[in-house]
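Sharing a structure with you now.
Every chain is named by a letter (A, B, C, D and E) in the order it is written, and numbering of its residues begins at 1.
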Amino acid sequence: DKINYRLKWLFNTSVVGDLYADVQGDFADAGLAVTVKSGGPERDAIKELELGQAQFGVASADQVIRALDKGAPVVVIAQLFQVNPLQWIYRQSAPPINDLSDLKGRTIGVTFGGNDETVMRTLLAKAGLETSDVKLFNVRYDYTPFYRGQVDIWPVYRNTQGIVIGRKMQADDDPVRFFIPAGFGVKFVANSVVTSRKMIQREPDTVRRFIRALLCGWEKALDPDNSEKALDMLQQYDRDTPRELLEAQLAITRTLVKPTPDLAIGTIDVAAWKQTEAIMRDQKQIAQPVGVEKALHSEFAF
Amino acid sequence: MASSASMQLSCRQATFRYPRTATPVFEDLSFEMPGPGFNALFGPSGVGKTTLARLLTGTSRDFAGEIRMDGIDRVLYTYNTERLPGWSAVGTHLERIVAPGQHDLRDRLVALFDMQPHLASRFAQLSLGQKNRINLIRYLLQDFQMLIMDESLANVDEPTREQIILGIKDLFPDRFFLYISHNVVEVAKFCRHILVLAAKGRARPASVVSGRDHNRDGTPDRERLERAMLEIVNAA
Amino acid sequence: MASSASMQLSCRQATFRYPRTATPVFEDLSFEMPGPGFNALFGPSGVGKTTLARLLTGTSRDFAGEIRMDGIDRVLYTYNTERLPGWSAVGTHLERIVAPGQHDLRDRLVALFDMQPHLASRFAQLSLGQKNRINLIRYLLQDFQMLIMDESLANVDEPTREQIILGIKDLFPDRFFLYISHNVVEVAKFCRHILVLAAKGRARPASVVSGRDHNRDGTPDRERLERAMLEIVNAA
Amino acid sequence: MLPRRIVQFLIIYFLGLAGLLAVKYGLQLSNYVIPGPALIWQTFQAEAVRYLRDVLDTMSIAIIGQVLSICLALLVGIVGRQTTWFGSFVKVAAYNVQAYPIVALAPIIFILLGDGFLSRLLIAAMICYFPLLLSVLGIMAEPIRDIEHFYRMTGRMRWQLEVKIRAFENLGKLTTVVAGSATLAMAGTIVAEFIAANAGIGYSIRIALYQSDLGKILIALFLIGISLSVYQGLLEWCGAFIRRTWESN
Amino acid sequence: MLPRRIVQFLIIYFLGLAGLLAVKYGLQLSNYVIPGPALIWQTFQAEAVRYLRDVLDTMSIAIIGQVLSICLALLVGIVGRQTTWFGSFVKVAAYNVQAYPIVALAPIIFILLGDGFLSRLLIAAMICYFPLLLSVLGIMAEPIRDIEHFYRMTGRMRWQLEVKIRAFENLGKLTTVVAGSATLAMAGTIVAEFIAANAGIGYSIRIALYQSDLGKILIALFLIGISLSVYQGLLEWCGAFIRRTWESN
């Protein structure tokens, strides 16, 4: 029967493997009729799982942990990003951030309420900095404060926006660098594939076939040998990004999803999940421990 | 009709004051006026004719004293600045509001009022007197026992007005009309009874004077007419 | 004033038709009417008095023929359903529109029109005849040579109306008034010239009849008055 | 009328653009803050056709949304005009719904309606209906005494007739508001697309914002303005037409 | 009036809540999708005071924004009522600005005005003014012949007088629209805060949305609704007061 797969964000390079599995027939080969649906800011795959509007979805770790905190029957069956693409961009002309203490005195863009704020606060705590030691700046759609130098470092998704903005500024002789939280020991898990507890209990076979077909799609999409195919396909879905940018995005995405050749795509980094939960508990975003490791089920993929 | 013989409009010690005004429009107003017939309500401008008419329709209960209408159940009140809706021709409008079986009456009234040539016009395209006339026609087509006409023919020329009044008297002998007009000759000549409201300061605030109740047949007696006129003017 | 002697309103072969109507309101209308003075425009309802008045104000140029006004520059037109703004009492309104130096005239007119007791009222609180009167007062306070009064006193009682007309004739002997009214007696008695528009089908579409031009002093000659009335009625 | 409308729109647009460019050159801002004319023109050539298709897509939904919201406003306006408890209840409900910014209601709407066409339409209609409602309420609550007197006196007044009389007497005001609400329907649909993110020019704007591409946004605004001028011109023409026929049948 | 308004709001709110809870228990949804009564109550206790302060903060800006937009609407409405080229130009400009959803204009506004108080106010005013404008335009474009005749005849008509006459004759409609636009000013301010600010209830809603916390959103909607009912009640009272004094001086 029909399966809906709700992504977290709009169709772009971050979902290249999901699209690939669909377009290149990996789902069909597994005998599944899957509809891949784009996400968006107002979408929440976990809610759709419960409402029966979707059977699988992509959610970020903080979403999963919050949902568990409120008793949602959600489980994680694969972790797509090994390195969180959420990073900060800053000008090469600015002093480099080699140590967390270098953040001191900077004006830092964060989306209040977003998980970039959570990550940044964790970094600051790690550096022993008070909130008053930096200037946090409220970030929204518009990049002008960064462009005009009012804000020193600005949060972006490294593999998509990061490329677009970086190129734009490069073209104006204003090259950029990225500040990567994972490099300073803060591993906040990003997008993972989720489904409901009911699914894994009642239809374990479907779950198995689905996640394997999906990860197979991802492996192929990120295989440099298939890059032309992948780019052709991406161009169909993301008309707003020129091909050369897509190419650069794809290259970066590879390093985030499959940082080393021997690490299988979809591997669940349990330690990172536990760290993520600990961070959220530290910042009082959840009331009590949820034991996130109990919701991690890598057995379907591997 | 049998019941019509017993119509009577009476008012006892009626006092009315508009909210937030100093003096009442009328105080201790008392009169008795028998019906049916073509009767008038007469008096100088500002004396309270319109006000009294509104009280008679029973929309306001904010007055002291008593107003009784014996044998009169259905009272209609029409005034001369009413308008017909603009979306259809006045003829279409008449067609819509005429009761079943009254089509004949409608045609007679339209002829009587000289409105035949204007049925295809919109209300806004009529002259003032034509507006007066079409408005009155539609009230005459309703089911009523008493009809108060507040300057309803004020903007119609005299010959047409006369013809209309005579026609109404012919067609509706058993109804109670209360015709508000500033024309003393007309009122004295055609009305049965004239309720005259007197200007402030007069001894009697209201008196009922007998008119000549002239009909289509017979010539009016000029001398008696002038006497009636004088009586009305003196009462006002 | 010297110039006033030469006032003349004349119309040659005027034809007017409302847009999208079949027959013209008047065709080949011609007349000559000398001024100044208290003159009338008379005719059955719907004959085109209001229409002609509007043409005289010069707001519409959509007619054939010629309308000339010799010695008349400033024409005002007032009609009986005009309203005063509701935000202040009518006395305040008068105060605001009176020209400097005309305060005396204003007070005389207010007394003449019997409106003194109502200056503190809002327009909506007036009776119909009171509305008529306050509206006419403000026009009389303006700078005009000709004033067209379209049924401006239609809802005022006869004694008050008479007093007003006599007063106007006293106060403004050198202006050209065109008084539209359906009251043949009044028109014949007080007006100098009466422009009578005839009902459709009559031989002469318009004729100018001489009235009795009665003033405050002297009693009217009844016989000549009746002759004038007859002449008017026959012309209509 | 229509050509004039378009000329006026062009003047306004290019005035705005000139202002932006003045800021750019005045403050010496780089191309990524405010794109220069050459870059805008290049963006125009690259995106105009696709964006125009998006705008038309959006407009088709806006039109349905507008029709819906006109119906809704009439309905609520007619019920809410009454001074009864229920009338004022409906009014309070209508007002409250409006006070909630759509972004706060969106999650609830998506939970209840899913993410199809319906949610988009509902959001568009909700944004567009309120100004209509206000006017309708104002008009419907005010009696036209000189016309209504007859119907009340004779016991003929029905609510349909009352509505008809008041609407007809205020036809001019109503058509102004309806024609004006077209812009709101458009804005509403764009916001809905922006939130729901699946198609239309709202979706394209979201991506352009996400990529921080002001050039694309300027092109989108241009196309929205032009299309809207045409649509409004047509609406006003229709309004005049309806008026003529209603007045002459 | 005011207590009735509040009772009615409470009825509406709790009807809506009951509907949501019915969905929750009908489909056996977890607290994450739709929070249960206990969780909502707990959220209320935890957040009510802070949110109420936010709502009042937002409302104070909304009130300024509303005043601004009333002025703006009057200004544009008065200029735009003329049938001249300039009048229709202003109208086209006013319409076009409205057609652009604020999310598309926001970047440009922020570039020009920075992201302080001014941008917030401008956005609030922009969202709120348009419905007002539509009504004002409709009212201002329609002559009141029986009153205006005298002033035209005697050459006394000034635009101020014309505006005064038409406004006075349509006072009922105008106060309906002004009172109604309070909700729009509120919605506008919330949207502005949602997009840009670091304060106000719009900002709090945004954070709750990021955290998918429907409970917090429900509390915010409750407080917005209550405060708005009170504000609107006051406005209507003021409207009646102004009317009485204008009519009796």
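We take it that a residue touches a chain if its C-beta (ideal position, glycine included) is under 8 Å from a C-beta of that chain, and two chains touch if they have at least 3 such contacts.
Since the model is a prediction, treat every value here as computed from it, not as a measurement.
Steps from subunit C to subunit D, taking the shortest chain of touch contacts, total 2. Each step here moves to a touching chain, and the least such steps from subunit B to subunit D number 1. Ranked by separation of Cα centres from subunit B, the top chain is A. Centre to centre, using the average C-alpha position, subunit A and subunit C are separated by 87 Å. A straight line joining the Cα centres of subunit A and subunit E is 38 Å long. Subunit C and subunit E, compared by their mean Cα positions, are separated by 52 Å. With centres defined as mean CA coordinates, subunit B is found 85 Å away from subunit A. Of all residues in subunit E, those that touch two or more other chains are 33, 103, 107, 111, 206, 209, 212. Shared interface positions of subunit B, defined as residues touching 2 or more other chains, are 81. For subunit A, residues touching at least two other chains, in rising order: 42, 44, 47, 51, 141-142, 144. Under the contact rule defined at the top, the touching pairs of chains are A-D, A-E, B-C, B-D, C-E, D-E.
Interface of subunit A with subunit D (complex): residues 10, 37-38, 40-44, 47, 51, 53, 141-144, 147-148, 161, 164-165, 168-169, 171-172, 174, 239-241. Those residues of subunit B that touch subunit C in the complex are listed here as 18, 21, 43-46, 48-50, 80-81, 118, 125-130, 132-133, 151, 154-161, 182-185, 233, 236. Contact residues of subunit D toward subunit E in the complex are 4-5, 8-9, 11-13, 20, 23, 33-34, 85, 88-89, 92-93, 95-96, 98-101, 103-104, 107-108, 111-112, 130-131, 133-135, 137-139, 141-142, 170, 172-174, 176-177, 180-181, 183-184, 186-188, 190-191, 194, 202, 205-206, 209, 214, 217, 220-221, 224-225, 228-229, 232.
Considering their complex, residues 146-147, 149-150, 153-154, 156, 164-165, 168-169, 246-247, 249 of subunit D touch subunit B.
Taken together, the subunit B residues at the contact with subunit D in this complex read 57, 76-79, 81-88, 97, 122, 135, 138-139, 142.
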